[in-house]
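One chain, chain A, links the two complexes that follow: it is found with chain B in the first and with chain C in the second.
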Partner chain A sequence: MIDIRQKKRSYFALLMPAFLVYISIIIFPILMSFGLSFTKWKQFKMVGFVGISNYVNILKDPVFQRAIWNNIQIMLVSVLGQIPLGLLLAYLLYRKWVKGTKFFEMMIFLPITISSIVVALLWNRVFSPVGLYTSFIRQVTHNPDYVVTISESPRFAMIPILIVLLWQYTSLYMVIFLANLQRIPESVFEAATIDGAKESTIISHIVLPELTGVIFTCSVLAISGSLKSFDLVFAMTGGGPVNYTTVMALYLYQQTFTFSNYGYGSAVSIIIVILSVGLISLSNRLYARAQKSIN
Partner chain B sequence: MKQSREKKISNGAVVFSYLFLILFTLLTLLPVIWMTYSSFKPMGEIMMHPMRWPSNPSLANYKKAFEFGHISIAFLNSVLYSVIATGGTVLLALAAGFALTKFGFKSAKIYMAFFTLGLLITVNSVITPLFIMETNTGLYNTRIGVILPYIAFGLPTSILIAGSYIRGIPDALVEAAVIDGASYTAIFWKIVLVISTPVIATIAVLSFLGNWNEFLLVFTLTSGQNMRSLPVSINSFAGRLNQDYGLQFAALVIGTIPMFVFYVFAHNSLVKGFGEGAIKE
Partner chain C sequence: MNEYIKELHMKKQIVLAVLLVLLGSVTAFAAGTKEEADNDGQKQITLTAYMQIDPADDQYRGHNEIMKQFAEEYPDIKIDVEYANGEAFHQKFQAMAASKQIPDIFTCYTGARSAYINETGLVMDLNKVGKFTDAYKAQFNDGTFTAQGKNGEIWVIPPSFAVCHTVYANDALLKKLGLSYPKTFEEWKAQVPAIRAAGYYPVSMGNKDPWVVNSWLLSLFVDRMGGPQWFMDAAQGKNGASFDDPQFVEAIDIIKQMCDAGMFSPGVNQMSNTEADQEFYQQKSVYLVDAGWRTSGMDSQLSDQMKKDVSMNVFPEISGEVTHNTSTSTPSEGFGLNANLKGDKLEAAWTFINYYNGEKGAAIRAKYGEVPSYKLDLSKVAMAPMQAKFATFQATHKMGYVFDSVMNGEGVTLLNNDLQEMMLGKGKSPKEIAEKYEIWVAANDTNRSR
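Up next is the complex of A and B:
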């Protein structure tokens, strides 16, 4: 007979290693972060509680406001750039109008393996005065003095970073969409083609309805991914020039590790958590409502 | 059948597909190819003729990178961190996935929801307290202090993937083994782990890639040259303030090659992992 006590013991023995690691490294620090966010630090020592003044100061800081705006730009490029482009690439590969789709897929997916640090430094070289992009533009426009100046512009400094993000992550969505397209039965397409359906009809009546769920999942991935961007920006610009390209995670990093202001840094991290939970539950709700109105 | 289908495809669609896919492939590959051949050029040639093939290809940049950058130790650290943390994540996630799907205890649902919550939490939301904790416990600047967070951050996704796979293993299989007198631990090692090989591959490949390219944790939780991983080391000796472009290119190529090799062998598992990770809808 199965001994229920022994079963329970095995259950916990299997579960606890993962649970303890998870609790002590993710859950406990989050709670600690919350506590710390109400404190002030000087010279690596806590000097007292300051209530919500960290939060107030963060939200009032123009640098943080800039960081939020930059994160929003990253989010827009991810949701409105990477996802549609990835979908288009996946569709072209899925329809197999070209030969060598496997080759194209493998080459386009390749940046996913390169570390963001390498990607950042490589693109800095590409855009530099002796870079691939600069030399190409010089040859095309016959202007030997051309240099990339947009990264110095207060309004458009993020653009090089946004281009690199498109380069780096579009293929991730391509692969996700391709895997989901391949689950649509071939016969559905054949029936539609035999009936003489136009490509646009196939896309709007078969493909997009099949993929709405995945498009939503990808948007959530893209949103949460944009809020945590750090590596690429850190290695590419370090947030400069004069904070033009700073993002929330970079702001947090500077507060904690450059100024040793652990309380303030913790408050920034709590704001990031609240924003991502809020945005994801908002998009969940919008999705549920959209589903309802369709049915 | 096939004939009639092919006739329906307009030339426009074919031409557009080729143009678009070729353009995208070129945009992807050109910077990487340029980086690779530039790494064999001396600084002067990079400045004078940025686009040209090296006239006198040399390994001088690589020699310098290995001398100044302590690349060998960084490479070794990257291997240690990635392999041990991936092994840890796989083992803990499968054990938890087994416990949460095949034991039928009521608390399993709560634990599962609790782990899922972790998907929302990113490294930067815990980095400040983690740094304070590690300095106070002596884990700061140690390898275990890097590996433990790697395992922890791999768990939420891995437990979800492992759980949904193990759920599909027939209950009868586990029950039969229990009746035969096998302990649950034995069942885990001898049945669950063996049956789960495909999903182990997926989890391992995804965690390995994530761990290998991770930057923020190693960067903030270690300080010594001896603890640095490849991305951190590359950023510190060949970062954006470095003026020796030849050295920088060599460093970037060194940072890329291991993952290229990995990609060639793990491409299918990677595509499967990323692709199917998002299917769960």
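Up next is the complex of A and C:
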């Protein structure tokens, strides 16, 4: 007989490797980053402890404020754009309201399989001053000076990026919703139809309650994904022109790796972690409230 | 029960043995290759190298040939090269520098861009190798052995010089429009209506990246309006010079004047270098502001006729300029050595960089269009047409400093953002930009604290 102590010891031994890996690659870097965030670096050397001044300077920096606003725009498009659109497309395909559902499934899913760098280059080829769309408009309007001016506007420069993000990531949510819709027994839909339920009733009383958990999971994915947006923005605009399209991860990258402000960069990373945890906790609460009202 | 425990014990031992074998093999693999190995009975020295070079790029055909040739001539020296490019190269190199584990040989700039490596004691001062005799130095062009570190250190022997300002002109288009290359800036601005009326864009320049305008234009204007001595004084805060002086304000104002005169093609701040080049290659624009190294791309992409038609010039005369007919250049990336190298490995590494920079390497690089820092009779080298023009360009123009190779990157990025915003017709005036930059430099730039 193996006694409880022996059992506990074996559990501990089995958990230890994974726990050590987790500590070394997740907990340790976060703690290290937290410690570094209170330091100042000059010429690649730590020159001293500066208290919370890195945090104060970051929050006061108009470039970081713009980066936060740009991340918020990405988050809004993700949560209020990609998720509802993904759900709508999944429902259209699931109910087979269009012909050739397999074809559409594949076509809509395609963008997510392409690397963000390729996507960025592709869309740059469309909207750049020598791109397809720009050349077409120049031909049609006989205006050789036409360019996509919203890209040069501090207020609207994010719009082309948001369009690309909507195009690229909606398919991810569509696939998640489609997979979960297929788990609802078809007999439920048939029974509702026989009972004379309208489509709106089916959606509000069957589909949405069934998918609440999935919608929450998608929201968490969308929020965390939005806050760490980097690759597409980096390849599409590099944060420019000026800093009009910069995002928090790009600001962090620039401060840390281009300017070698390791302490300042660490403080930015801690702010991103705090914002992520805060927003995900908020969505968790909203989910709990929604779940309660459904029950 | 005893049998069961025995079996369990045996199983444990087998699992432990397997784990130990796995761990041993992983450790052996991670330790890398042996530094020295037998090669036909000869001792072979293996050097690790990290290079910011893209072997697939036409620009580096010369590099590829040198590496091949070197491997054939020196079979006893093996160089394990890892290639990377752009920001990815610097990012990984910074991580290597932070962990103090850098390769034996690496590419490195002489100035601010590589400060993370050459100001941290990890790079060997090549003066200490003991090979820089006067006779050795005399084989290279002036400026090759100018001090790179604050105590006179030489981190790299620059294989060539990077020319950061050129105005390429399509002479055939100019002739068609009844124009010629302008002698003055005023004359150039006056050409704009005629060029636009004929359906062409006057000047292409890819200013999407946050360094182009300061590297290709501002550097030149600072040299023209202030001269090299004023610039170094302003950088170091000496002799009362600073970046809010009229020289610097005027330099910025020239960029504004170019925008106001409608010289750039539309969307200049959204256009990448490649896109601007293509606009010029497709003869949609008459002039291209770019760097000297673009000639290698032109040789492979332009038609034979266009190679004849394109001339290389510098910005025309500016009213009030103190230097004339100048361009700007900075020592190009060269090979640095790990400060810990010694003995046979140091000798092998020196053999490589000497081969690369010396007569044989220079001849190969020249064949592919690079104008080497090693003194070579270029008339004996069969150069491609645009490269031959580039060689003449370098021989006939004095070179000023490249702004961003001297000043700290963070400040230059802030300045560049302000310049870009000004070019968009928004933001601050030249004077305000200059004042803001001076405040940053005074508070942060390491040139001031030296």
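Keep this in mind: the second predicted complex is superposed on the first by the 254 of 295 C-alpha atoms of A that agree within 3 Å, B and C clash if a C-alpha of one lies under 4 Å from a C-alpha of the other, contacts with A are read in each partner's own complex, and residues count from 1 in each chain.
The criterion applied here is as follows: a residue touches a chain if its C-beta (ideal position, glycine included) is under 8 Å from a C-beta of that chain, and two chains touch if they have at least 3 such contacts.
As the structure is a computational prediction, the values presented were derived from the model and not from experiment.
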{"item": "Touched partner set for A:N180, first chain B, second chain C, both or neither", "value": "first"}
{"item": "Which superposed partner A:F257 touches (first chain B, second chain C, both, neither)", "value": "both"}
{"item": "Which superposed partner A:S151 touches (first chain B, second chain C, both, neither)", "value": "second"}
{"item": "First, second, both or neither for A:D61, with chain B first and chain C second", "value": "neither"}
{"item": "Chain touching more of chain A, residue-wise (chain B, chain C)", "value": "B"}
{"item": "Chain B versus chain C as contact partner of A:T113, first or second or both or neither", "value": "first"}
{"item": "First, second, both or neither for A:E210, with chain B first and chain C second", "value": "neither"}
{"item": "Residues of chain A contacting chain B in one complex and chain C in the other", "value": "124, 130, 134, 237-238, 257"}
{"item": "Residues of chain C that touch chain A when the two form their complex", "value": "87, 90-91, 94, 97, 115-116, 119-120, 199, 201, 208-210, 265-272, 275, 278-279, 409-410, 413, 417, 420-421, 424, 426-427, 446"}
{"item": "Chain A to chain C touching residues, read off their complex", "value": "42-44, 124, 128-130, 134, 144-148, 151-152, 154, 237-243, 254, 257-261"}
{"item": "Chain B-touching residues of chain A, taken from the complex the two chains share", "value": "2, 6-8, 10-15, 17-19, 21-22, 24-30, 32-33, 36, 88-89, 92-93, 95, 97-98, 104-118, 120-126, 130-132, 134-136, 167, 171-172, 175-176, 178-180, 183, 190, 193-194, 196, 199, 213-214, 216-218, 221, 224, 227-228, 230-231, 234-238, 249, 252-253, 256-257, 262, 265-266, 269-270, 272-273, 276-277, 280"}
{"item": "Sites on chain B touched by chain A in the complex", "value": "1, 4-5, 8-10, 13-14, 17-18, 20-21, 24-25, 27-32, 34-35, 38, 46-47, 50-51, 92-93, 95-96, 98-100, 103, 105, 111, 115, 118, 120-133, 148-149, 151-153, 155-156, 159, 178, 183-185, 188, 209, 212-213, 215-216, 220, 230-232, 234-235, 238-240, 245, 248-249, 251-252, 255-256, 259-260, 262-263, 267, 270-272, 274-279, 281"}
